[in-house]
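Both complexes below contain subunit A, partnered by subunit B and then by subunit C.
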Partner chain A sequence: MSAFAKLKADRRLARGTAVGVIALAGAFPLFFDSLATQLDTAIYVLAYVCMALGLNIVVGFAGLLDIGYVAFYAIGAYSVGWLASDHFTGIGGDSGVHLAASEFASSLSGIHLNFLLILLAAMVIAAVLGALIGLPTLRLRGDYIAIVTLAFGEIVGRIALNGDSVSISGYALTNGQQAIAPVDQPYLPLVGYEFDSAFNLRPYYWTGLLLVLFTLFVNFRLRDSRLGRAWIAVREDEVAAASMGVPLVRTKLLAYAAGAALGGVAGAFLGAYTAAINSNQFQFSFSIFVLAMVILGGLGSIWGVVAGAVALATIDRYLIPEVFNDAPSLLGLDFKLTQLSFGIFGFLLVLMMVLRPEGLFPERRRRLELAEGVGAAGGMGVGEESVHEART
Partner chain B sequence: MEAATAPGSRATARSARETVSRYGLIVLLAVLPIVYGIVDLAEQGDLSRLGNNLVAGLSNGAIWALVALGYTLVYGIIELINFAHGEVFMIGSFVAVGIWTSVGLTLATGPLGIALGLFLALIVAMLATGTLNVMIERVAYRPLRNAPKLAALITAVGFSFILQNVGILWRGSSQQGVDDLVRSQTELLDLFGVSISRGDVLAIGITAPLVVLLTAFVGRSRLGKAMRATAQDPEAARLMGINVDTTISLTFLIGGLMAGAAGMIYALYQTNVWYFQGFTAGLIAFTAAVMGGIGNLRGAVLGGLIIGCIQQISDNRIGGDWTPVIVFSYLVLIMTLRPQGLLGEETREAG
Partner chain C sequence: MSAGGGSLLWAEGVTKVFGGLVAVDGVSFEIPTGSIVSIIGPNGAGKTTFFNMLTGLYKPTTGRIFFDGAETTRKRPDVISSLGVARTFQNIRLFATMSATENVMVGQHSRMRAGLFGSILRFPRVRREERAVRERAEETLAFVGLAPIRHEEPVANLSYGDQRRVEIARALASNPRLLLLDEPTAGMNPQESARLTAFMERLRDERELTILLIEHDMQVIMNVSERITVLDHGEKISEGPPEQVRADERVVEAYLGKREP
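Entry: the complex of A and B
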């Protein structure tokens, strides 16, 4: 078989596998009770996959190290909190502001927009915020970008926490740790169907799956587009890219905006699902959690990132709290595994990085670069991250 | 490499930019004290409140300076943001408190006993954190020296999670008060309405000699010279016969020693310890290191003291809840106006 034919066959096989996996994922909730814990976990997993794929655009494609990604989760979640609850009671008179909201929500005061509109709003707000956060980092590289994004992530998290004491024309900005709750459940206006997490989790699951498919589509199309090539060029060598005519400012800002938009959408979805927008969710460790998914899977490798997100999210939300929580007591030890979850997570991160720093499924381009690096630079270049300048 | 990102080369634009870069940060740092100084003068007729803020700020800043030294040393030599450093500082606090409780120091102990006990606690805490830091480097960073730098960053965060968990298992997950052994709030001296307490004297009294010793060691000794050489160019240092691995271990040891001392001062000064104290302290100290110019020892100390003052003024006037927002806003502004920091040289990444 010629190399070309082999490549084609590989591609067909990959497509077949993808279709199979998606079909399986679609049928997944039918194997469980409509309120099963596994389903709850799976919904979180799907939201985390979206976020990891969004971050992958910024860190994996464009090589801009963002460790404040939690800011976009917060913005997405608060879009739901602000636009689909009675938080702003009194706006629009006693009846409130409603746009394609369900019958029940239409009877409440405050702002109640349709879930799909909120997804769009979250996407736009997060994208704008992403570009704004990107602005001060344009002249910086590597670790310094990380520092600025970290600072923004912390600032947004703090504002969420203290927002209950900030009042804008009589309304608190957020409810801090008291949470904005309850939040409207998603509603499909044409079919007239309203989700209800108290009875059936499946609609949430399928919505999440659709979001993941959308995110995957965006990721693939962007990667193979002119913009995607520009991102990779900037990642590989900023100076060379600029001298080849890649507009650095626009390219970088678009990377931030695209990554942030996906994070915002996933955040809005998760916010609607948890139905309580609590500032405790938006902490630094969450940014690291998402970044770890990207790095674990392999920077820039789309399927790798999906695998990394599924693995870490399952460990965090299911294996530690549900499956192995009582394991220590079986060994006669007097503690629950959840008390150790931070430590276990940290240990896994260290172990993973020491054993396989390039991630589970490194991107093909990167693997080739690494292989080349060995020959060309006599070992010094092994795995040298393009996010950073090579040391001398 | 700057050519690609530098804006138009017209001389006026550039000189304006240079002026902003040189003085912008200094103006920015002076804003808070000057504004509140004027407010104080208008409202109370003297500057004693601002003075008290600054004294407390300098003592707090002394703690941040010690922690910031660890960040700046490590970043200078292997260009890694050692996220676990804040947690090493936290462990230092825990060890110090553990030692002085187990040797039986209480509020009833006489001054000599307290002095001896605290000296012992200081030494043990410093040794413990120094060893811990060296161990972390050995286990988590050294195997990744030639791997992508992101990998080391992630192991650093991994270790910080592990140490936080150790902290939770050790002392539970809520803040714990400890005996105010030195009666840190007792006023020693009153200068025109500015009170200087025992805690202030203690913080400065431990920090100043350590900083002097450290700068002398790095600047004068053979090993210090090896450290500077490795920071400049590890390959060339290796060719010159410097044992790079040992030098890096030594750097982590020194960083850890400083964090341990800071941990003990923190416990005495704040009279409470918490597993999460290292996270906030780490970020604040890191901001200090960046403000001073990362990789620059004097810069780290200067940055620590300035951040301490900003923090104290903000705690006292704006509210402790908002202090992190103020500190991180400063961090962003520093990165925008002057990424190389107050005293730093332009680095490859700050360009």
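Entry: the complex of A and C
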């Protein structure tokens, strides 16, 4: 069989598998009670898959090591907090500002925009923030990019934490650990349906699934496009990419913005689901958690990243706290497994690095790179200095 | 300003200083449209540094560079590339994990228009563009003589000679007017070098390309170049047709050292 025919057959098989998996995922909530813990877990899993796929664009495709991704989760969640709660009571008079909000939310003061509008807003705000965070990293490479993004992630986390004492014309910025709550439940204006997490989690699940499908679509389309090729080219060899006409600044900023937008939309979804925007959610460890999903699954490999996110999120939200939490006491030990969460993740990552460093389902390219030791070959014809000069 | 009559590229007193090292020292230089010219010189003479300034990877410390009548002195490499200057590298710099076709498609980046939203929504226009770019990539690979069976192969798996071919194809794909080749025959045997020489002449005649060459292989240089510029310690020490340069005392000196009196 020729390489091309094989490629085609592979593609057909992959497509078939994808349709099967998506159908199963769609039917998943029907097997459980409408308030089952498994559904709650699954909703988190779906949100994390979105975030991991977003980060995959930045780290996997464009090769920009971003370890401050929690910033976009935060900005997405706060979009919901600000735009769908009574946090800004007094704006728009006693009645507040409403746009396609549910009947109940329309009776509240503060700003209450429709959930779908907030998803859009979160994407836009996160994309802008993503590009801004990207700006100072443009002249850096590798580990140095990581340090800058780490700092930005921390800055956003600190602002979230201490935002309760930051007052903008009388309104606290974030409420810090007191949380902005309650947040409006999503409302679909045309059908007139309002979500209610106290009675039925399924609508949240299906919304999350739609977001994942959207994110997957964006990932696949971008990967096989002019922009996706430019990202990979920049990852492989910046100097060569620039010499072939790829504008480095623009290309990198688009990667940051696209990745951030997906993180923002997932953050808004999760914010609406948890209904309380608490600064404790936005810690550095979360950035590492999402990065671990990408690495575990296989940098740059879309299905791999999905698998990595599903695996880690399930372990974190379900297996450790729900299933095996009491396992140590069965052995006569006096602690809960949740106290060891980070240790378990660390151990899993080390295990992965030893057994399968390319990830669960590596990208075709990466597999090659690790197997044969090829990859971003730094030529000697152009020194490091050119890289700096080329970027200005 | 106007570039010297009939010159595609024109450099004027170009100097590059790295710290205390003067890598290129006040070199003025012209490439007549439709010609093949070469830069030679001993190792460390500043040839590649000069190349990198022409393509925007280095910014000259002083001096000016014009391409096709427009100043490109401080322009970014991608801008210079989109104006019609393409290059290859001394040490092959392909995108190792991409296929040959994809590499050549990246070469057409500046000729494409699809943006972020266009790529996601894949409008008919984007789809057509994508198809055209892929076809052009296949054609260009065929033109440089890469067997079709290797087109979808990650370039890291290709032989050295094939990688050179892909690199030239990637440069040609952007439909440049000026092609800069940095030691294209490095590592080739005499037959392969001869084939490449013929290929360069074909590029000039069929595709109306102007070619600037850095080379060490004197056979190739003397056969193909209409004019040769010799650099030594960053300075231009000689310039002219092959016979003249070959006879130049200073060139012999630069390569072999001073003759005993």
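List of remarks:
In this text, the second predicted complex is superposed on the first by the 366 of 392 C-alpha atoms of A that agree within 3 Å, B and C clash if a C-alpha of one lies under 4 Å from a C-alpha of the other, contacts with A are read in each partner's own complex, and residues count from 1 in each chain.
Everything that follows uses one rule, which is that a residue touches a chain if its C-beta (ideal position, glycine included) is under 8 Å from a C-beta of that chain, and two chains touch if they have at least 3 such contacts.
Since this is a predicted model, take the numbers as computed values, not measurements.
Once the two complexes are laid over each other on the shared chain, residue contacts for A:Ala258 go to subunit C alone; subunit B is not touched.
By the touch criterion defined above, A:Arg221 lies against subunit C but remains apart from subunit B after alignment on the C-alpha atoms of chain A. Residue contacts after overlaying the shared chain place A:Ala36 against neither subunit B nor subunit C.
In the superposition on chain A, A:Leu248 makes contact with both subunit B and subunit C. Of the two partner chains placed by superposition, only subunit B is touched by A:Asn162; subunit C is not.
Within the superposed three-chain model, A:Ala230 lies in touch with subunit C and out of touch with subunit B [touch as defined at top]. By the document's definition of touching, neither partner reaches A:Ala276: not subunit B, not subunit C. By the touch criterion stated above, A:Leu65 is placed in contact with subunit B alone, subunit C being left untouched.
By the touch criterion defined above, A:Tyr144 lies against subunit B but remains apart from subunit C after alignment on the C-alpha atoms of chain A.
Of the residues of subunit A, those at positions 239, 242-243, 248, 379-380, 382, 385, 389, 392 touch subunit B in one of the two structures and subunit C in the other. Within the complex, the subunit A residues that touch subunit C are 2-4, 7, 217-218, 221-222, 225-230, 232-233, 236-237, 239-248, 254, 258, 364-366, 368-369, 372, 374-377, 379-382, 385-386, 389-390, 392. Interface residues of subunit B, counted against subunit A in their complex, comprise 1, 3-5, 75, 79, 81, 139-140, 143-144, 146-155, 157-162, 164-166, 168-169, 233-235, 279, 283, 286-287, 290, 321-322, 324-325, 328-329, 331-332, 335-336, 339, 348-351.
Taken together, the subunit A residues at the contact with subunit B in this complex read 65, 136-144, 146-148, 150-152, 154-155, 158-159, 161-162, 165, 238-239, 242-243, 248, 284-285, 288, 291-292, 295, 299, 339-340, 342-343, 345-350, 353-354, 357-358, 379-380, 382-385, 387-389, 391-392.
Residue ranges of subunit C in contact with subunit A, taken from their complex: 18, 48, 52, 55-59, 76-79, 81-82, 86-87, 89-98, 102, 105-112, 114-116, 119-122, 126, 129-130, 133, 149, 152-154, 156-157, 170-171, 174, 182.
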